[in-house]
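The letters A, B, C, D, E and F name the chains in turn, as written, and every chain counts its residues from 1.
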């Protein structure tokens, strides 16, 4: 069960409104690699966890923290969409969304062109669970397979893509209040990348999982002729110059082999049998008209 | 530019038709972690690559191989949906899709109940770019950020989730022809997990990227107070027993710290300014009716 | 069966073209709370209606009217995207979409930046069944549950959200022709809010449904200990100051009770059983490698 | 900021596994009217709230409670997908997902046909944020307009549709453990319907909003000729027999009028101007070939 | 503006309920090539039409007829989901949806496994605007480009795919009432295929459009070296045996040429310039850490 | 199986960067009628083909060529998003994405307002498999029914809509490098329209399929009373002036008949039976409260 306090994990206060940046900041809120994605991913991984208790507890703790991150971003966006106290006194008509449109001056044209119109029409200057082009968040961004190594690898990815996007956004604004919050989030992403890498170490140290994942499928049942071969599917061989083309494989179980001119291992040419005539697919040769009785 | 041969990379021949398993086998074809996803992900990562040539070439080579995997799975599904030569002679009416429905016997009821109806109505006993519940593939499954470490971490994940799903499917069929193809694919996933892990090693060895990713954002600009803290957001402390709660962090740059009873670092309570009255949001107190002039 | 006349329910004539507002006006056409949504919702509610004939007839009548609203909006948008007669004579090159791009002057830059590019590339200056950020309409916006109270409550919502959005759009344009049409639509939404509220009254007066909906589920079978409790899931108690925290409940069947410090009613901690080893989920402790035979 | 306890709000323990019902129970978890929808809707309404503090606090409190409902449902589904302790001893092969498929007996055929294959292949016997046909949850189910009356009307709808669906599901299972949890949820929905109805009363009592919503748009600016007219768009007149066709409107501001044979109020026939020839739309008459210079 | 009569275009009466076929029949209602798709496509093509009046009128007439087809299918599905009068007397418990589940006998298991659970839980035995796997209809199925030849070609396709699917469904049921309605729809699709083919003839006869479409783009500005070449991108040459490999092209403007061993026409190898370092993409060689000031 | 060469089919080199046009150029890459759509459509049609070998080979050859088109567009977009060599020397800060935002001058405001923010935040100046409003490509754009006539009609449409969109884009840029590539693509679309028209001729000449499609459904089983009737569903009769209203139908099997004032052919008024009371739909009259036992 969950509880909340009305205090925020960290400040979410911009120095001044900026509806164009508000649009951009939707990406780490409701985008594929945003905070809703990690919140939902960690909560579902935790609830579905059938492994040791410390993992379940750890996953749910970070999932719970992420709700607070969603909260901060939503609030920051809502504030970027409102008239700032200072500007309000000077020229409310020009600095609010409606004012910008109605005033018709050039700066406002640009604002209107660059902002997300749904911030005015749909949410009434509130945040939305959507990304920077207005595409709604969806649950395909939630990954929970039941295999913790496969999932923790996803989590490292999510914290990497997320930190990458927030770092880019840091460079796309000069507002000190926004940057302060982003620097907090970047730091938490540093922790969370490290956390998931540490959890992967732990999983392997405890013998619960290893590469190739899932390790409990007997490797003797895979087609071991091709388990460590690199297939060069082009005429050029620059792909042969990397670590992946020779030497011991990272799982320590094989030697990489570079196949410079790979050949099909099959004579199968993909020919299919004839179609059931009652499905009206095109047959190899004309057939009588027919319907089921 | 691309070319093809009509030979397949590997056999895609089931021993007998099985429309219910055909439905399940759509997952590694058109599902989130299926072959279309890795094909598109690797091709886009390659085309967008601005790093050293050997990476670009390697990524595109594997992307090209994945087209052949899509080809094998599509063909296998089409064959699982057709009447097998042997059975056709005995009782065509009962073994085809339409026959199963029309015959009305109990076995056929089960087949109809369990198969994907679009395999009959929409594709006419062909494969579809959709998953095992019929949800169409979409390009959000394609990840290409321009940062190779963030992306290679995704690729390791994709090969892990993919190998996990194919291993599960191996256990859900007894058809020797299907299992033969799946064992080939599982082996290629073994290679590809190793390949991306090796590529991550190489990226780091060459000084191009490291943890925390992206490493070119100056860590001095993140809020370093919280860069290595675990926040325990629950009343229980089992999350404190893992590798992530103490010791040196995997990036070698910090010491994990376990915050057992974390407190908000802010007095921000999320209060927002008043809404522009012409947006008709609910205000703190009644306001006059108004429209823009 | 349906018929049409080529006369419009009301004028859909802007005074001059405005491609940026055309983008915004897609929201009440193809957005979540737009006219396509109510058209489809009412038609499906009507066709699926198993209640008294007067409801079925009424629902289908309003559904039919909504097709005319879709028609007006689509036409208005197409006209906002075309070169106006007056301007065409003066400077056709600059006022059409292509002209705006090619001329390269600043005003045109702004127009191009702010318009929906699909209005040029995809629809060739026609309306599209999509919203103001180009997200396509989808049938999840269609609600028809078979329970008329649940559905009429949705309908009141739809007419409220719709009227809210159109009122906001009224403030975002100064074109007299556009405003004239919007004021007609706002008036119809006034009617339709009242209509659904009246229909809810009628349903209850006739004993067909009441709160809590569905009223035909025996309330004796719900866990009546918590049927009228407010759970305060935060440390603050401002939520205790409202109508919902004390007094008789609106259904007249209970007394609101404010639970200031709610506690879990269960000792369930969510622990799950072990996973089937052939699904390769992470187990509590290492298990032997295994595949189905 | 958010915290959790590892105790559940209520028991989520089925008496025995039932993968077919697990599929159905995804609807109130990840469906359009499920618990994720209300959780996200209330949290976003709360974070975006610019009205009086008691509303913001109340909305966030119920949003926080809903996280616990998501938790219960996810756990219940995961348990419905696992082998029960008793059955495991008797016949593990037949009662688990993989066992059911491999054993090939008729009961298992039915289970496989009726369950969601992604519960085996994708989530490894865990819950997913998707509905009963496997369609992923998406953020369009989250409604937060900034206008509390419009939104509370949605909330009443959500609690009505949700209670309706859970009541139907109560009738589709006989498992006492499942029914116990559903009866708790039905009771909470009773409270929440009442809560939002009470909040609507309060909003109106405080003069913050009323019908027609939004009430701050001056009704004098709508086309008042049609504000209270019912248009009978069919040849039949059963729609004239209801409360909505005569008498004072529920907002108390008008008299319903029944228009039995409505006529278009416009001579507009929807004719459009010619297309810019460089967009290659079909013109009224042939034009010269042309491209921009 | 639109009107309706309560008479149906044609009978929509099944002989008996069949929830499994009801699921399948969702495809021609709410599937990609179903009646909602053509209804919306034709209406939008008509409203956006800037060509001669007879086309606009014709397109809107057929669009209006399609609403009646949606109506018939929705009603048929609702009836397939209800208890038939005869069976109701004998054994209501077993023939309704809930009864089937609760009775627990084998036939009912099959029904439950094969039906769409949302027909019970969500729509309460009503039709839904979704396809046979429950995927909701979306507006990407609506095509209206402003170019009537491009669009009429789509319309011919839609009537072909639609007639194909309905013909398949005819073979998947034996209910005389259902077949009667389907045979009506198949006949209308015969008309509509012919209608769009005739309209294409007319467009060309009137000089409004021709192949290659759009014909108003000057063909002199395309790269005419490759305008009539077939590129054989495989090692096999069976593709050289068809009408498309030699002879005059159907537009009468060129001669097909078969390129047996095509070569790239460019030396471009796709190398990209370096990334802006503040976007943190992987560079060709290590760069200093950096953030925008 | 597939191979690639690192040479491109044609040059993909813009003269200078243009992030706003890069956004627009996403349409023919990842839009509904873009190159990914035809690539996937042709590959799936080919893999699923059960007709004569020359068709299968031809379809797969063109599908393979389309991969090269995807490659060219992706590369062109990536180059439009980068700093050009010349400009880089002069003023890197202003011409890159980040520079544009940070510099804050007016030209840059416009660029930021008009570009796709995900080109900076998500892809790091790379192409994305999405359209010009950022909507992700999805597999519903892939059509493969098993009936080659139905599918080739789709293919003609795709090449028409695609050529139309690229022609429009040609008019929306003045960059010679971009125009050069577009003129190549327009020429290939000329070929491909002709190719599919030729393939349709061939199919019919070989007796494999004809109008009405599917021709193997016995036309005697359709309701032939309405097979060649035009229903005028409006009060106006301009629709009677076209080729589709009189004369021999294009399939040569009927005579068009114009029904000026069509009447319903049924007395069905769509009334439904009562709902199962345990589904809590609204009944015709009050019923007792009830739940399943």
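Everything that follows uses one rule, which is that contacts are C-beta pairs under 8 Å (C-beta built on N, C-alpha and C of every residue); 3 or more make two chains touch, one makes a residue touch a chain.
What you see is a predicted model, and the numbers here were worked out from it, not measured in a lab.
Where touching is counted per the definition, the chains common to subunit C and subunit D are A, B, E, F.
When each chain is reduced to the average of its Cα atoms, C sits farthest from subunit B.
Relative to subunit E, the most remote chain by averaged C-alpha coordinates is A.
Here the CA centre of subunit D is 31 Å from the CA centre of subunit F.
Between the Cα centres of subunit C and subunit F there is a gap of 27 Å.
In subunit F, 1-9, 32, 47-48, 53, 55-57, 60-61, 64-65, 71, 75, 78, 98, 102, 106, 110, 113-114, 120, 122, 124-126, 133-136, 138, 140, 145-147, 149, 164, 167-168, 170-172, 174, 214, 217, 219, 221, 233-234, 236, 264, 270, 272-275, 278-281, 291-292 are the positions where the chain touches two or more neighbouring chains simultaneously. Because contacts link each chain to all the remaining chains, their graph is best described as complete. If you check the complex, the residues on subunit B that touch subunit D are 20, 23-24, 27, 31-33, 106, 110-111, 113-114, 131-135, 164-165, 168-169, 171-174, 233-236, 264, 270-275, 277, 279-291.
Interface residues of subunit D, counted against subunit F in their complex, comprise 164, 167-168, 170-172, 174, 278-280, 291-292. Within the complex formed with subunit B, the residues of subunit A that make contact are 5-13, 32, 53-58, 60-62, 64-65, 71, 75, 78-79, 82-85, 96-99, 102, 120, 124-126, 138, 140-141, 143, 145, 147, 149-150, 153-154, 156-157, 160-161, 163-164, 167, 170, 180, 183-184, 186-191, 193-199, 201-202, 205, 211-214, 217, 219, 221-234, 236-239, 241-244, 249-251, 254, 256, 264-270, 272-276, 278-281, 292-293.
Looking at the complex, you find that subunit B touches subunit F at residues 1-9, 30, 36, 40, 43-44, 47-48, 50, 57, 60-61, 64-65, 67-68, 70-71, 74-75, 78, 122-130, 136-140, 142, 144-147. Residue ranges of subunit B in contact with subunit E, taken from their complex: 1-6, 47-53, 55-56, 98, 101-102, 106, 109-110, 112-114, 116-118, 120-122, 124, 133-136, 145-149, 203, 206-209, 214-219, 221.
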